[in-house]
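Paired with chain B in one complex and with chain C in the other, chain A is shared by the two complexes that follow.
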Partner chain A sequence: MRIIICIVCLCSSALMYGQSSNNAFDIIKKYQEASSIEDLQSTIRYKNISKKGRVQERSLEQYIFQKDASKNTYNFLLKFVSPADISGTSSLTIQHSSKADDQWLYLPALRRAKKISASKKGDRFMGTEMTYEDLSNYLSEPMEDYNYQLEGEEVVEGNTCFKILATPLPHAKSKYKKRILWIDKATSQQVQAHFFNKKDILQKIFSAKDIRKINGTNIYRAHFIKIENLLTKNRTEVYYEDFVINKGLDKNIFSKSYIETL
Partner chain B sequence: MQRILFVIALLCFFVSHSLEGQNWKHYHQNEIQPTYGMYFQSIENANRTIPELSAKYEWEARYKTKFKTFASLNSVLNAHEKQRRRIWFNQAYLAFNKKKFYGKVGKQIIKWGRLTGWSNMDMANVYDYYDFLRTDNEALGVWAIDGKLSLKKWQVQFKVLPFQKSSRLYFENNRWIRLPQNFQGPNDIVFRAKLNEVNRVKPSSSASYGLSLGYENDDIEINFNGFSGVNDIPQRKSQLLAPNLATKVLPYNIELVYHRMNIATMAMTKLLGDYSLWSEVSFVNNQRMEEMGDLVPDNYWGITFGIDRLFIFESPEKQLKLLVQYLKNFTDGQIDYSVNDLDHVLDHSILLDATYQFNYTWKASMRSVLNLTNPSHMMSASLNYKLNDKFRFVCSADFLYGNDQHFFGYYNDNSRVFITMKYHL
Partner chain C sequence: MHKFLRMSYTHPKSTLLIFIIITCLFGNGMKSLYQKNSFAGELPTDDPINKNIEAVKDVFGDRSMVMIGLETNTIYTEDAAQAIIQLTDELKEVPFVLRDEVKSLATLENVSNRDWGLSSDGFLDPIPSSTDEWKQLKNDIAQNEIISGSLVSEDGSLTVVAAPLDDDFVGGKVYDALLDIKNNYKGVGKIHITGAPILVEDVQRGISGDSRKFIPIAIVFIFIGFFICFRTLAGVLLPVAMVIMSIIWTMGTMGYLSLPITVVSNALPVIMIAVASSYGIHFMHAFYRLADEYDSKEALIEATLNKIASPIFITGITSSLGSLSLLIFKIKSLQEFGIIGAFGFAYATFICLWLLPSLCMFIKKPKLKEHGLNNRIGLFTRKITEFSLRYRTPIIAGYMFLAVAAIWQASHIQVGDNYMKFFPKSHDGRIAATTFNDKLDGVRVMDIMVDASSFENIKDEKFYQQLLQFQNEVAALGAIGGIHSYTQVVEHIAKNLNDETKETNWTNEEIAQYLMMYELSATPGEAGMLYDEDYKKAHLQVFMTSSSPEVHLATYQKIKGLFADQFQGNAEIKFGGDVMHRISLGKYIVTGKIQNIIVALIILLLTTLIIFRSVKKGIYTLVPILFSLIMVFGFMGLMGMRLGISTSLLTAMIVGIGIDFSVHYLISFYKYESQGTKTALFNTCGQTGKAISYDAVSNIVGFSVLSFSGFLPVQHFGWLLAFSMLLIYINTLVIFPILFSLKKESQLTPALVQPKNLILKN
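And then the complex of A and B:
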């Protein structure tokens, strides 16, 4: 009898686990569909705040183009507009799935785009607390690289959310041991994420606020995000405006010649 | 021309503002910069201080990602130098792109060199040479058509400058161009020299052209560049006029002879990990003036190589940029170039640039140029304090010393210190 009970228990827990995994996968799939883009442009104002309270504030225009949906690769063009000492500087990143990314920096003093060494996954993106890996994951959740598990529901900042544990698969070469994502049930947007480093210590907290529809579309986007590094005590706050999504961005702008000319 | 530019800029400003929306974006920024400089030594007939106020208004309007107009209205008020007091449109251009073609038409700053450091092609850049060492913010706009065609790994670029635009030079009471104070006349009579007028002799063709072919594959970039145009630094000769025996004054004219110059270069850049390595081989077909006032060819080869890197630290506030460059021009060893011949100041030199950002508010930078033929040295250092995004304060100093057969040693009495405030409205 005991053996039968054990078998029933094992089967039911395995079924529950499978259901939770499937649910988690479906939630993440919905989140990925809700957040993925073919192209995007917006204006950004961000603040890097050091642990000593010193602030670096910058404004820029960002242009993003999905190069290859199946490989989760993007082209990024960032054009800084303020403050004056950095105004006119542009950065172009062409991501590749099979080799290192190509990156150029246009500096007004040089009046030419200079190729710079490709950033690694764990490098800070433009000096912020967000790494290139974080940015890629935020633009499109890399479902083929992670295992997902639903850990219940929680309310975050008034939003009822699914709490999902994302564990990287061995081939993913992630800088994190795991991530915990909170996906808003109503909008399928990520409202919070915890990043644990390889030592399983909570390293960063990501939070997204002011989630609303983009004008004239059914696409939701966070207009404010905050990334706090608990180990270094630095944080980055990003404010988004003027989103234009999937309106057919000219792909010729993702070229060295473009950043040298316009 | 300035008035036409002003009307066009004003028109563009109102049109773009009236059309403001998702497709139009415009930005403008103002900068006011008072500077006070002081030389460590006094010299005869030249001011020891540099009190100056400069202001700049920049305006940019863009339609989608298709085209943009940009205008920069500059002004300078110098307490000592009348010629430097002026207001002008330094840039006013239209940039556009159509598929793989990218163009820029109008008054714009052209930097000819394609290296991160100094290139012999940079000899054709046009500056306001009120101060020979402080040219970073003194590049002058020139009328030009600049076109680029981008074909996967290849890039073809052409530039046409239909009119001659020369660098601005200052002849009176300037510490960098020292005119004769006296002339020895017959019977050992010493006459006081008096500049009467400066005449410019222009070449028959004043247009300049540039062509560049670039190839980029993974971490290697190769560029073939050509320039054919007018050397913005003229050769100079004096013409003595009839002396006034009563007052013992000898008036004279200066003739600035502009001549054509051709430069060809092959530049290569290679990324090696976090380091960027670059080199250039160049050939310069220039002219120089002999003692008798005749122009003769001045042809030479040049080679340079350099390395630069940006160091990033654990703290996002800290950054270090380093650049080292070696330059060697293989000139005719028999020729004695004048110490103030700007085209030959860097003939055999090592250049070092370093910038260290301590945090978001403090930054220090240093530039050092060492001449290896006639040992002499220039070192510039500056400390930058950013109070906020509107206010910045810069304290800087330039030190020149060494053999007086070279520019840096010859002008060793021009070592000085500056205090600058930058205010962005």
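And then the complex of A and C:
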């Protein structure tokens, strides 16, 4: 009798796990759809704040173009606008799925764009606490690289959220052992994420606030995000303004010759 | 006072119980003792150098550096590369390490110009796999001024994994973690660990370790001396109990007062042994000497106290006040030692006068044991007295000559501690520091903060050029291994972006944009180490290959001069870091030492004036002590011993022992003075002279053991303690007879002296 009860319990657990996994997948799918873009432009003001409270502040314009939806690759153009002595400095990244990305840097003082090494997943993005892997995941959740598990519901900053454990699949070569994502039920936006390093230590906390609809669209976007590195105690705060999403960005701006005219 | 003292032997059990309870209470206080190995807070807050050190710290943090060196035939192999990556990961996990500022070939970007553009891959990401790739890496490192000679030796046999520590780091924890890395390392080559926090910990542990090893041996020798003197077990055990109790009370008080154990207070047990054993030997010597004259123990103890209580009390009070004279130093650990030393000497006096009488009640009433050695010592002290009286004039001339020579030698004493020379040559810490000094930039760091406010900011091209010129001039100074600053970063990026074709007169915009390029890959901490967030202040880390305080001081003064010449008052410079700490400490050691000697002598004079109610007698007390002080410092100058923090304590010890010998001698002399000067002198050298002989010989032999330590501070401290003891002893026995013979020539009455009887009687 006991054996039968055990078997029933095991089967039930397996079914529940499957259901939970499916639910998680659906939630992430919805989140991916809600956050995915064809193109995006906005202004950004970001602050890198060190453990000692040293603040480094910059403003820039960002232009993002989804190059290949199926392969989750993008083109990025970032143009610094302040402080004045670095205004015009620009970075262009063309992502490729099958080879290393192409990157150029334009310094007004040089008066030409210089090709630079492609950034790696674990490299810091523009000196912030966000890595290129974090940024890619934030722009579009790479569902083919992760296993998802629904771990219940929690209220974060007043938003009722699904709590989802995302574990990378071996082929993903992620820098993390796992991530825990909190997806807002109402907007399907990510409001919080915990990043655990390979030693399973909580390394970073991502939080998104001021989530509101972009003018003239049904697309929600966080207008403030914060990434805290718990190991180094550094943090980055990013303020977004003037979002323009899916309005048909000119593809030609993502070229070396264009950034040399900036 | 005697009524109160009487209670100790009329109620011996109660007295003993009370002492045991008090000792337990102080023992409990010892639980609160803690070690402080850093020099934080040592300097006065209003000190100009300290103010600058703090100002630099406020902007750039303390950033004490720890370094792991990998030494192998060549670092350009896969095994070495794997080892560097592994050591980098391990260093990131060390407590208090600023993990985002760990510098190594595994963390830094190799910004190098290539045919296709600008490479910014990691040096070891990926690890080269072909001969050409290794050749490329070797070439990149050789061309990179930030790396070559700083992070990788020019011959490619040594590379460093370095990291700054958090401001509130605990040296012991960092040291243990690094030692674990070193001990568990199984890769290619050999590991060295170094950096200022490691050196401090190495010194502290080395000194503590050798002290723990040699001090018990010294104690055993001292008490063997006691046994030779008294020939009874009680004659050894009672003073031992007294000395141990004095140390427990003193250390317990330190615990209750939250005073830390520092490199200075480490010497406390040694000085307590010297002083407390001296009190004990006087008491026990009198106790045994008077034994045959009294029938009951009570009467014997009463007589012993009548004879010895006053000089011990006077000695104790004067030594305590002498110790308090250390408060004149502006160095915190020396001030703390002054306070705790005062407690210690007072406790030793109290325990000697109250505990020893009660303990004597528990032993059998002794019988005077005459033995050959006792007689020989009595004969020796008598011969010294006779010799002094017979050759008075040549001795006076000799003393004058010695005093002048000693003062001249003392003026050559080198000030400050040279850490490198603390270690035996085979010590890992010394080998590591020597290897880093020989092959890389060095291990000692002077921090320089240059304020560019008057130039708008550090990105100003005029400021930049002047700073570059200043740095080049500083780098050309002898003891400078290298300078790390933002100009290195700008120059390296500029050189690689501009294909090495352009002149190095960068515009404001170029400097700003090259710095921004650096910031895009650097962590906030890395950038924060080079300049402040407003770009107003630049941080220059000047690495030095010498650990000589004289070289540090001379370099500091030269750098100040170079800066004034270069910037003509248009920018402000502030110095910080470990090296400046030492320079400032050296300054206070010199001024503090002079003031301390003067104050200690004034205290002695005032105390003896009150006791003897005579200026002349007061001055007499000082003479042997003064000569001993001069001679000890002369000896230090002659032997090349440095006046550092620990050797600064010698005055307290010399005053403590000197006053003990002088007061006992003088009280005895004045007691017999009415019988004529010579009789009084021979009686004194036959009684007190014996006691101080046993005390001196036991301590000289005991502390000489410390000279076997491999650690120079322990070795020198042992030599100096033994030598001081010898000098005080000789000077007391030689100078007083001469002084009194000068004073009362007419009263020299040889007919009254019966030397043989005196020897037998004593």
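Keep in mind that, in the parts below, the second predicted complex is superposed on the first by the 262 of 262 C-alpha atoms of A that agree within 3 Å, B and C clash if a C-alpha of one lies under 4 Å from a C-alpha of the other, contacts with A are read in each partner's own complex, and residues count from 1 in each chain.
We take it that contacts are C-beta pairs under 8 Å (C-beta built on N, C-alpha and C of every residue); 3 or more make two chains touch, one makes a residue touch a chain.
Here the structure is a predicted model, which is why all the values come from computation and not from measurement.
> Just from the overlay, do chain B and chain C fit on chain A, or is there a clash?
Here chain B and chain C cannot both sit on chain A without a clash.
> For A:D242 in the superposed arrangement: first (chain B), second (chain C), both or neither?
first
> Contacts for A:L231 in the overlay, against chain B (first) and chain C (second): which applies, first, second, both or neither?
A:L231 contacts chain C only, not chain B.
> Using the superposition on chain A described above, determine whether A:T89 touches chain B (first), chain C (second), both, or neither.
It touches chain C, and chain B stays clear.
> May I ask you to decide whether A:R111 touches chain B, chain C, both, or neither, giving the answer as first, second, both or neither?
A:R111 sits against chain B, while chain C stays out of touch.
> Should A:R54 be classified as contacting the first partner (chain B), the second (chain C), both, or neither?
Once the two structures are laid over each other on A, A:R54 reaches both partners.
> In this superposition, which partner touches a larger number of chain A residues, chain B or chain C?
B
> Regarding the shared-chain residue A:F195, is it in contact with chain B (first), chain C (second), both, or neither?
neither
> Figure out whether A:F206 sits in contact with chain B (first) or chain C (second), or with both, or with neither.
Touch status of A:F206: no partner.
> By the touch definition at the top of the document, which applies to A:S255: first (chain B), second (chain C), both, or neither?
Only chain B is touched by A:S255; chain C is not.
> Scan A:Y63 for contacts with chain B and chain C and give back first, second, both or neither.
A:Y63: touches chain B, not chain C.
> Of the listed stretches 37-45, 253-261 or 523-531, mark the one in chain C with C-alpha atoms clashing against chain B.
523-531
> Common interface residues of chain A with chain B and chain C?
On chain A, the residues that contact chain B in one structure and chain C in the other are 48, 50, 52, 54-56, 83, 85, 109-110, 114-117, 123-124, 127, 232, 234.
> What does chain A use to touch chain C in their complex?
Going through chain A, the ones touching chain C are 48-52, 54-56, 80, 83, 85-86, 89, 91, 104-105, 107-110, 114-117, 120, 123-124, 126-127, 229, 231-232, 234.
> In the complex, go through chain C and note every residue touching chain A.
Spelled out, the residues of chain C in touch with chain A are 61, 98-100, 116-121, 125, 459, 497-498, 507-510, 512-514, 516-517, 519-525, 527-528, 532-533.
> Within the complex, which stretch of chain A touches chain B?
48, 50, 52, 54-57, 61, 63, 81-85, 87, 99, 109-112, 114-117, 123-124, 127-129, 232, 234, 242, 244, 249-250, 252-253, 255-258, 260-262
> Taking the touch rule as given, give the residues of chain B at its contact with chain A in the complex, in rising order.
22, 25, 27, 29, 31, 62, 64-68, 95-97, 99-100, 102-104, 109-111, 114, 116, 136, 146, 148-150, 155, 216, 218-219, 221, 269, 271, 273-276, 310, 312, 314-317, 359-361, 386, 389, 392, 422, 424
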